[in-house]
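What follows is a set of notes on a single structure, which appears directly below.
As written, the chain order gives the labels A, B, C, D and E, with residue 1 at the start of each chain.
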Amino acid sequence: LGGTDSSGGSDGVQIGLLAFEPGSAPQGTAQKQAAQMAVDELNDDGGLLGEDIQLHVANYQGDTTTAENRYLEFVVEDGVDMTAGVFRTEVMLDLMDNIAEHQVVHISGGNTSPEVSQFLADDYDQYKYHFRPYGNAVIWVESVAEFAGYMHEEEGWDTVGILNEEFEWTQPFSDDLPGLLEDQGIDVPYNERYPGDTDNFTPLFDSLESEGVDAVLMSMAHTAGPAQIQWRDEERDFAIAGLISQINDPGAHEAFDGATEFAMSNTPGVHKAELSDQTTSFAEDYYDEYGVYPNDAFAYATYDGIKMWAEVVAQEETTDSETIVPALASHTYEGTRGTIEFNGEDSEFPHDAVFGEDRLRRVNFQWQVDDDGEGVQEVIYPDDLATSDYQEPEWF
Amino acid sequence: MSSHATQSVDGTARTDDVLRLENVTKRFGGVVAVDDLSFSVHDGEILGFIGPNGAGKSTTFNCVSGAFPPTDGTVYYQGEDITGVPQYALVERGLARTYQTFRPLEDRTVLENVSLSMVPNKLFSFSEFRTDVEDRAREICQQVGLTEYMHQMPDELPHAGLLRLEVGRALGTEPDLLLVDEPFAGLTPEEVDRTATLFRSLREDGMTLIVIDHNMHGLLDLVDRVVVISFGEKIAEGTPDEIRNDPTVQEAYLGGEL
Amino acid sequence: MSAPELQADTVLSVEDLSVSYGKVQALEDVDIDVRSGETVAVIGPNGAGKSTLVDTIGGFHEYDGSVRFNGTEVADTSTPELIENGLFYCTERRDLFDFMSVEQNLRLGSYLNGEGEEKRLEEVFDLFPRLEERRSQETQSLSGGEKQMLSLGRGLMSDPEFLILDEPSIGLAPVILQDISEALESIQELSVEILICEQNITFALEHADRLYLLENGSVRRSGTPDSLESDKFVETYIGG
Amino acid sequence: MGIICLGGLAFAPFLLDVLTLRQLTGALFLGMFAMSWDYVSGYTGQLSFGHSMFFAAGGYTAAIANLQHGVTPALAIGMGTAVAALFGIVVGFPALRLRGPYLALITLIIPLILVQITNIFPDVLGGEAGLRSPENLISVGDTAASILTMIGFRRPFDQEVFVYFYISLMLFLGIYALFYVFTRSYVGDIFTAIREDEDAVLASGINPAKFKVFAFTMSGAVGGFAGAAFVHTPVGSPSPGSLLLVVVSIEVVLISILGGMGTITGPAAVGIVYYFVRDILQTTFSHVSMVLFFTLALLVLFFLPKGIIPGLSDLSRKILELRDRRANPTT
Amino acid sequence: MVDFVGIAANTLILGSLYALIAIGFTLVFGVAGQANLAHGGTITIGAFTAWYVSGLGYSVWIGLLAATVTGALFHIVLHSLLVKHTEDPVNVLIITLLSWLIIEYSFRAMVGTSPRSVPSMLEGSTSIGGVSFLYNNLLIFVVSWLFIIGLFVFINHTKVGQAIIATGMNEKGAALVGIDTDKITLMVWALAGILAGSAGVLYGTFRAASYDMGMTPLVLAFAIVILGGIGSIRGSILAAYIIGFLEVFTTSAISPRLSGMTALILIILVLLYKPTGLYGRELPT
């Protein structure tokens, strides 16, 4: 008979991961691999609450309805104790109400708009189950602006254009970035948004060139391919940086047939950046396991998030949300990218990770080609983490 | 009725004119298909409308029935100016036509084809009960000789059957004036006779008809009066006998004495 | 069975032909032949199966029995091959290229036989001056009769050896009919075989060497015009 | 057959688990969308490739009215329906001048433009993310809740799913009945005649223009109504992905063709099946699921070109005939 | 600042590419009366053929050649296996749409979602009148026009070309004058496959090859064909340039956010004013 209470949760601790096209898209693949690794490690250490952790992975195909269906299967049918994943802000926003209704902790692994934490800011009690162990785009914008200031000093970026893909999460890049740049004496003559299905960047690049920009700061998660390829083929006379989500993937150089060379991007973690003493060991273990380095927020934060939650569960000896949420909210965790701590209930962005010198940091890297012709993500900023100097494209 | 009925350019108009064309011209780009054509049709008559191929007969029908408006000139129907009025509205006012090339609805039976023309042009109507419509459609099928084909699809009909269906559909709209384009084309003499008999009986019931055809035996026996056009212009008008013996008509159309 | 010497010059032979449209049996056991240089007319009431017959000969239907043109079975021959072998079929519906000019339509008539195209074009225009006038008009806007002329003209453009005409007189003004009659005579002089389906009996009798009377899908009578004119059965059909 | 299906639907909450029931609720809406397409495109042959504009017009209007202007859900649904009807009129008029592929293109373009407009005004229209879900149409009251608890639906989630399933089923049946009555009346005859030959309709003294605009308006209104109701249920939300994107329009067309154009019943039934087949494939085959799904649809359409329902009934008739013939071999 | 020379240059290149995509579509649509939505898939197939061939170490030119072959083959298979046996034009539309989706998702499953770069056909750039042009883009222009002119001559000045048009207007009529209509239809499909396959390669060298690359050009091709008038090659070329121009102009001079929209709005307006497109004919009923 229908309607019976099926949320047992008796058969061990269960985690549900909503991944985007795992096995084919790099984002979802990274989420799945990182989650698997975290769970395997925990199980090797004796599991959680005396039982093995079971990981469920669902492909939500980047679609809200599918995500909702899969989410409900997790919480209603499987009775999972925690959910993780989701890399699109649009999907996450839609899930927030479901999370509130079913009151299961969700640890995001990729989505980045401040709109998500806005839910918590507006109604903490209802939405407090959501955590984001890597912050949001507002912080990222600050980091990108800081990097641009550095390049202004070092490389003479006096004029910078901004070009953002039309998605919710890029909104701070359009709204906040120009001001932050101008404050540092950088001229911003061009600030545009373009549709997410654009594949012709020639006219956009023409406009940027005719504005005489030294660099363009872009935020995008879907159109890096054509943008990179056209930038290189057309030998554009400006540098390209910002937050280019797809090239944060360590496989991007190969996937884009080398078109990423000289492009820069901003990330919460890259294997060359020694953000904490765990970064390298995690990256190498991950490499040994999967033959690739971990990817951006998707791998690092998913891994950290699950581990951190498990630590709290072990400490509280329950998975019950009402106990876990406050505990997690006040917990401090040493992760692969440094110390994770969440913003409090009254902050601007509740439950987004705190950033700062001894907390999480963001790095800017550039794709460079080493002597063997392999593409490497070399950290060029901040200075203390840098592994290489900025390289100018040979066509400039 | 209207004052138009009595005033006329050439004074030939009579008050019982069902249809009157005044100086109707239709141009297609450079081609003048109908050239300053005027004639009228009296109530209850069968008018023959003939002329060589390409003379502009079908085009005239199109201008009258509202398929497209004439370039110039005026068409009066029952005393009212109907120039440019769309076809469906004219049908509602009792002016129907058949086509030279048949256009039945291929997805439904003969009976349903006929029924459609009896359906009201209204969005919400409860006045028409379907059984009434069907009975009437059956009647029409009988009248035009389609009884045995009633439940067949149009593409199963022989040529003559299609022609009768064309007439049947027009009858379904309960016309006062019926324009018929080449009803005898491809019919056997026997069929021609049958069709002509049908037209005569329609006229008995008070209908007025204009018939285009090239079958002179069939047509001239049927009609009361003939209008002949060539190159869009009227070249003759009169009784069948007058037309038969008219040298201009013989030269332009008949190709010698009939 | 016809005599062996007659078979020798038989260009088209139809034997035991049956064709049906689903449940409708349109032709049943029809035997017809056309010999070298002959003009044959098929007459009969509406729905007798005349068009079905010529459509089958033109290669547009599946059939039982045998239809042989120049000795080869039509079913084994594609329509282009039939045209190649000199057959040309002007259909009842004419099947013109509506959005092409009159001239383009005519030129496509000699698609498989481009030699002498210009000369034949002149001949067609001589035969139907109306078509020359309308040379560059879009075909769909021609009058019914003009289309009929074009259909015939297109047929002549292929320089046919065997011409099938389905109701060539349909929709034609008496004057034009006379022109067509003359055209037909001059084609006949070229020793082209002609197979005509006609409703206009006068027209058929005038041109045919032999006639077949089809009714309800079967041949009821056949013979020369003279022999048929005195036939009672035909008389009732012709209706005087 | 139909009665078994209906009975199954009526007792679905007692036969299915709660998540499947919830999915069925979503599937019912897909069926409603498909019916609204079939009403205009299947019957009059005026192919619309942008029916999502109506669902979106209804859904977005209702959501904005409720979220941004505090209109009650019921009234908001009414407003959504009205706006969608307006869209129907606006599309109906070009349909008078445009035929076949020309109309298909225009209708395809309108949602494309609307999607861009929502992106340009993210504040009002929610952009790519869509708007937040507006208030639910009703909330499960205490008495209802206690009754539901008694018959085994204990959690609030289960109760909500239960209630909204029946609401959706009522809407579904209501819309089905409405379309059924219209298409089986003389209006349906006129619609199909328009599909066959507009000139013949004109010659029969019927103004096809009037009926075309009417068909578009009514289809738009009903589609918009379904869209508006959808966003006021817990299963739907006013987002481009579920209401506006071209995929939505194309799916509706696909469903109707698979079900059998111009039958209403076919699209309604296949809409439901489609939803489940797609979901099952998705969960079992992950990233090759779409290849399989579309291949399946292709094969069905190829072998049953008239759609599943008419195709199957043809087939069964043939089999019956065959059996008859075998039974009396003499005939 | 509005860069008019740049706009003009981009329009020329983009327009010719769009024209190349659209005329293949219009051919099939106009001749066979079949709206082949799988045309979008053919573009993807062409681009990935060239990507694959160049990955094997051959030149892109060989890739281009190979893409004409795969494009034509795909169309031949699609037509003979499915379309030929489908009567209802609406079903053809949906069946080709599904074929396209199957191709798209297959590539997605095989190559993944990230775009691939097809190497330039010719490296380097030159400057004409102060604007710099990539040789590759100039080549796109030249190659497109070679294909277009070739097609134009073929259609209008050869008997077979006329037969193609004739078949489109009346199949029985075409058969009557001796045209092998099956062969012609298949040929048109193959021809469109060649055009779409090579367009895919050009598109790939110009932008990038990705599983869903066919979407935008297909919607545009559909729009172009209808704006130009169904079956009119001349109309398609003109419309392709109009749409190319609007896209480039909006992006550079107005706002990239509106880039996709202006052309679409224009199409609606044009069609409302002139329902049969620029060079259209009434659809036969």
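The rule is short, and it goes like this: a residue touches a chain if its C-beta (ideal position, glycine included) is under 8 Å from a C-beta of that chain, and two chains touch if they have at least 3 such contacts.
Each chain and its UniProt protein: B = Branched-chain amino acid ABC transporter ATP-binding protein; C = Amino acid ABC transporter ATPase; D, E = Branched-chain amino acid ABC transporter permease.
Remember, it's a predicted structure, so these values are computed and weren't measured experimentally.
Among the remaining chains, not one touches chain B and also chain C.
Each chain gets a centre from the mean of its Cα atoms; the one farthest from the centre of chain B is A.
Greatest centre-to-centre distance from chain D is found for C, with centres as Cα means. We define each chain's centre as the mean of its Cα atoms; on that basis chain A and chain B are separated by 77 Å. Centre-to-centre separation of chain A and chain E, using mean CA positions: 38 Å.
Rounded to whole angstrom, the centroid-to-centroid distance between chain B and chain D, based on C-alpha atoms, equals 45 Å. Among all residues of chain D, those that touch two or more other chains are 116, 119, 197, 199, 287.
The multi-chain contact residues of chain B, meaning those touching 2 or more other chains, are 103. The multi-chain contact residues of chain E, meaning those touching 2 or more other chains, are 108-109, 257, 260, 285. Across the assembly, chains come into contact as A-D, A-E, B-C, B-D, C-E, D-E. On the chain D side of its complex with chain B, the touching residues are 186-187, 189-190, 192-193, 195-197, 199-208, 210-211, 214.
Within the complex, the chain C residues that touch chain E are 58-60, 78-80, 83-84, 88-91, 94-100, 104, 107-109, 111-112, 114, 140, 154, 158. Per the touch definition, chain B reaches chain D in the complex via residues 86-89, 91-92, 96-97, 99, 103-108, 112, 115-117, 119-121, 123, 125, 128, 130, 133, 169-170, 172-173. Note for the complex: chain C touches chain B at residues 21, 24, 44-47, 92, 130, 137, 141-146, 148-149, 167, 170-178, 199, 201, 237-240. Of all the residues in chain B, the ones that touch chain C in their complex are 28, 31, 50-56, 58, 100-101, 156-161, 182, 185-191, 193, 214, 216, 252-256, 258.
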